[in-house]
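Next up, some structures in structure tokens.
The following pair of complexes shares a single chain, subunit A, combined with subunit B in the former and subunit C in the latter.
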Partner chain A sequence: MKFRCEREVLVEALATAGRAVSNRGGTLTALTGIRAELVGDRLTLTGTDLDLTISVELEVSGDGDGVVVLPAKLTSDIVRAFGEGKVEVTVGDEEAEIVSGAATFTVLLLAPEGFPVQKPSEAEAVNVPAKSFATAVKKVVRAASRDETRSVALTGVLMASEDGGLRLVATDSYRLALSDLPGVSLLEESAQVIVPARALSELVRLIGNSDDTVAVRLDQGTASFSLGAKQITTRLIEAEYPNYRGLIPASQPNRLTVGREALLEAVRRVALMVQSTPTPIRLVSTSEQLELMAITPDRGEAREGLDAQYEGEDLTVAFNPEYLLDGLDATQGDEVTLQTVDGLKPALLRSNDDEGFLYLLMPVRVS
Partner chain B sequence: MSPPGAGGTRTVLHVDMDAFYVSVELLRRPELRGRPVVVGGDGARGVVAAASYEARAFGVFSAMSSVRARQLCPHAVFLAGDHALYSQVSARVMAIFREYTPLVEPLSLDEAFLDVSGVRRLHGSGATIAATIRTRVLHEEGLGCCVGVASSKFVAKLASKAAKPVAARSGTRAGRGVVVVEPGNEVVFVQRLPVGALWGVGPATLERLGRLGISTVAELAAVPLPHIVGAVGRASGTHLHQLAHAIDDRPVEPESTPKSVSHEETYANDVTSSTDLRREIVRQSDAVAGRLRRQGLAGRTVQLKVRFSDFRTISRSNTVSGGLDTGPAIAREAKALLDKVDVAGGVRLLGVAVTGLSEERSRQLTFDDPGPDWSDASRAVDEIRDRFGDTAIGPAAAATERGLKLTRRGAQQWGPADP
Partner chain C sequence: MRLVIARCSVDYAGRLTAHLPMATRLIMVKADGCVAIHADGGAYKPLNWMNAPNRVVEAGAEWTVTNPKGETLTITIAEVLSDTAHELGIDPGLSKDGVEAHLQELLAANTHAMAEGLSLVRREYPTDIGPVDLMCRDADGRLVAIEVKRRGEIDGVEQLTRYLELIRADPALADVRGMFVAQVIKPQARTLALTRDIVCVEVDYDELRGIESNELRLF
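So, the complex of A and B:
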């Protein structure tokens, strides 16, 4: 087994597949490797940590089919360190010779036992426009929880069929982001799955600026997403997703309308005073104006007034500035509305220019 | 000779009010001046909180049972005590201290440590500040106090004791008022005292040291550390060894976060009904929660203390994940603890404490938080009490035919009134 290709192409493919490679390895040494399979002139590189698998196909000039497991980090480092030009990999029984220009590396192979081999999914693919899917995922994925000890379900993004379209929901119990993709019928009516947020983040990265379509296959507890020559497969989260519908208030008495960009920048500035959570920033809304305030007893304070329209009673609500920024960042449009009940109930952030999206945020209780 | 605290050494003042509660009472009842006066609980289970020097001459001292005090000094005037008044006066006295240094660590209503190391240039030597404070407290509040000046808290406290007036039947002998232990003289000063004067030496330790033939601090200082440790244990032994050599580098800590907030109550008659005990828990939890909120604190551990009629005392505790600062939340934990205690034999004393305190100024709410809850209700209760007084509102369990019977801080410090 022997193949040759441009350094650039190989570096990128190794990096992409390498993102799924477990850093720890655990008991399976094979999992610290990248599986390379050559069939004719097609080389497939695959990295996995058992939960998440990323594979990339690339065109090479191949000589002799075969399968080996290369040490992921070492191989990647070596190829990256080469100068521009061709790289040639020749695989022996126990080692691979990697040559570029006058440099020759001989790398010991990993035992392939334990490296899971995926059968291609037989489920029918649903094609989804990559760009709008990536946009919707990006808007919600930050709201997913990173704390597996609290709730595994919340570390995922809920994908559910809704009105013939696809709905994505993520929450870490402090805020919730919901994004609707009308017309994308990925799931059967009333079906839903929980996809690990990490897999979707990798997918967004893979999609980049691509205008292509993503082929999605749901099959026996896994989801796979194919984009051209790249594929991400992930184990689905088998858990009950909390009832998010009950959290979204039907109507709220107070309504603040403010320029999104202006608020975003003001929050960033005022949040400079915030040293550590749970020090919040306060939004003081009156009919005249909106004032942002951050008070940190041992640092000082910041205040900034903003032009805004406000209907409702004078109200102060405090938020974790990071969560508010995430929401403002995810919302599209020039103006946003923030609807509130009081300082203790969820606030709803939306934009008229971003119909399918909402961001629900719990305040910080201040005394 | 250099003044205390010159160079690198610290200057610590220990200010101790003279017969504080009694002196405050005498200010509003001057006709009692010169007579033996005892402040404390006057019920059968009452305890003496303070005794005038005239009463002390008869052997009455604080923490003694009121019954015993009456036997020793039957002609003394017994006063019930007014904790709220003492608190007010104490706050004014502490405010005087704080004009000299921000480093004021109150130990109780009537004593405090002051670190004046940094303000000597501004206000003069430790001895000067001590004298000024004494004069001001006397002129502005009409109260006497004694001040010990030394390079550590421990020696300063012993020095203030040496400055105290001495009670005798023939009349009170004025003390020195201010005692300064100059740097370098601490060891000499400490070592002429009996070991019992050392902080942390109780009857049991005293007896163990006695078996080693140690009765003075000088004798203690002469014994190698391992021998002391062998007699009284590692922690206690090391501690005593250091004190015997006048070593104490504990800083003066102003406004330290309290370690716990608690209320306990001794009942005039033993309580046997668990319904009554649960009601008591609600009242005490309400009071504990009120004080926590006032200090901007919340605690994670609820502790229940029960003393049975045979004086056997147990303490049970439970720790929860979130900070508690509302009466109902604290009461819920305390009741759960009470459920596991057999109270059939009667309860003499019940106490609720919250520990594991932290400043919880703000908290990120979650979608799981219910809407308005006890935190909001408690905030409203605080506001009502601020405006209309403590008894304007309270838990239903505190309602009696004569209005609300609330647990108040210090209300029962010295034993229950007879029912």
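So, the complex of A and C:
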């Protein structure tokens, strides 16, 4: 087995597949490797950590079909370190010779036995517009939990069929993001799956600025997303998702309307005072104006006033600035509304220009 | 551990030279030969030091510490304010995961959180390859070897499997069964455990601690 291709192409393919490679070998050393399969002039590189698998196909000059497992990080580092030009990989019984220019590396191969080989999904593919899907995922994925010890379900994004379209929901129990994609019928009526947030973040990265379509296949506990020559397959999370519908308040008496960009910038500025601390920032709403405040016992205070329209009782409500920024960043439109009941109940962030999206945010208790 | 508080100056000669002028400092001479000179501030970093192996020569008011590379630390002592020595013994090492250790402790005190009818035989049940976290008996009187992890992954199942193999080699303990307990158990670990007849149990650390969070949450 031997193949030859441009260094740049191989670097990118190794990096993409390598993003799924387990950073801890654990009991399966093969998982620290990238599986390279050559069929004719088609090379498929695959990395996996058992939960997430990323495959990339690329065109090479091939000579002799075969399958090997290369050490992922070492191979990637070597190829990246080469200068521009062709890279040639010649595979022997126990080692691979990687040559570019005058440099030759002989790398020991990993035993291929432990490397899981996935059967191609037999499920029918549903084509989804890549750009709008990536946009919807980006809006919600940041609200998913990164803490597996609390609930595995919360580390995923719920994908559910809703009014003939697709609904994406993520929550870490402090905030919840919901984005609707009308007209995208990925799932059967009333069906839902939980896809690991990590897999969807990788998918967004793969999609980049592509205007293409993503072929989605849901099959026996896995989801696979194909975009051109790249494919991500992930194990679905088999757990019960919280009843998010019950969390979204039907009506809230206080309504703040403010310029999104202005609020975003002001929150960023005021949050400098509480950076790297658990201290929240306060939004003090009165009929005259909105004031942002950060008060710390050991650093000082920050205050900033903003033009805003406010209907309701004078109210101070405090938020984790990072979570508030995530919500403001995810919402599209010039103006946002923040609806509240009081300083202890969930606040709802929305925009008239972004009807399919809502962001529910729990306040932080302050004295 | 020898602790000397003295007014001293220190000169280092090696890759470069460095001079600490006369002042009151703490000189630590550790059992392994390491010498460190501390000021009255900073959590851990000495002003100057020399790692073991080295040779310490005390010639009256002048101590010379020399390492195999020929680098020297010369401590000139004007006045000794205190000079004491203590035997610290072998250090038990750093306990890295407080949560895991605490979880084991809480489960030992609340065995019912893992299964009804479970009673503790002992914590840290010894085997030739290391201690089993908890050894219990179930309601039927059968021994249960329990491995406790914060996150239940394949490695933990493999570890428990090795313990079980070793314990079962003793005919008197041949019917011991395994239980894998963690705050969260990964699907692969659960699948592997089930193929080996190991029971998986997820437990809530906060609930065990009896902690009610003051944080506001959506649910």
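The definition used in the following text is that the second predicted complex is superposed on the first by the 364 of 367 C-alpha atoms of A that agree within 3 Å, B and C clash if a C-alpha of one lies under 4 Å from a C-alpha of the other, contacts with A are read in each partner's own complex, and residues count from 1 in each chain.
Here is the rule we use: a residue touches a chain if its C-beta (ideal position, glycine included) is under 8 Å from a C-beta of that chain, and two chains touch if they have at least 3 such contacts.
Source: prediction; values computed, not measured.
Contacts for A:Glu238 in the overlay, against subunit B (first) and subunit C (second): which applies, first, second, both or neither?
Once the two structures are laid over each other on A, A:Glu238 reaches subunit C alone.
Looking at the overlay, what does A:Gly33 touch: subunit B (first), subunit C (second), both, or neither?
Touch partners of A:Gly33: none, neither subunit B nor subunit C.
Quick check for you: in the superposed arrangement, does A:Val152 touch first (subunit B), second (subunit C), both or neither?
second
If you stack the two complexes on chain A, which partner ends up touching A:Pro280: first (subunit B), second (subunit C), both, or neither?
In the superposed model, A:Pro280 contacts subunit B only, not subunit C.
Looking at A:Met362 after the superposition, I want to know if it touches subunit B, subunit C, both of them or none. Which is it: first, second, both, neither?
A:Met362 sits against subunit B and subunit C alike.
Where on subunit A do the contacts from subunit B and from subunit C line up?
171, 173-174, 176, 247, 344, 346, 360, 362-365
Could you please specify the touching residues of subunit A with respect to subunit C in the complex?
Of all residues in subunit A, those touching subunit C are 26-28, 50-51, 148-152, 171, 173-176, 235, 238, 242, 247, 344, 346, 360, 362-365.
How about subunit C: which of its residues touch subunit A in the complex?
150-151, 153-155, 158, 183-184, 186-188, 205, 214-219
Considering only the defined contacts, which subunit A positions touch subunit B in the complex?
Result: residues 171, 173-174, 176, 247, 277-280, 297, 318, 320, 344-346, 360, 362-367 of subunit A touch subunit B.
Help me check something: in the complex, which residues belonging to subunit B touch subunit A?
Going through subunit B, the ones touching subunit A are 293, 296, 360-369, 371-372, 375-376, 379.
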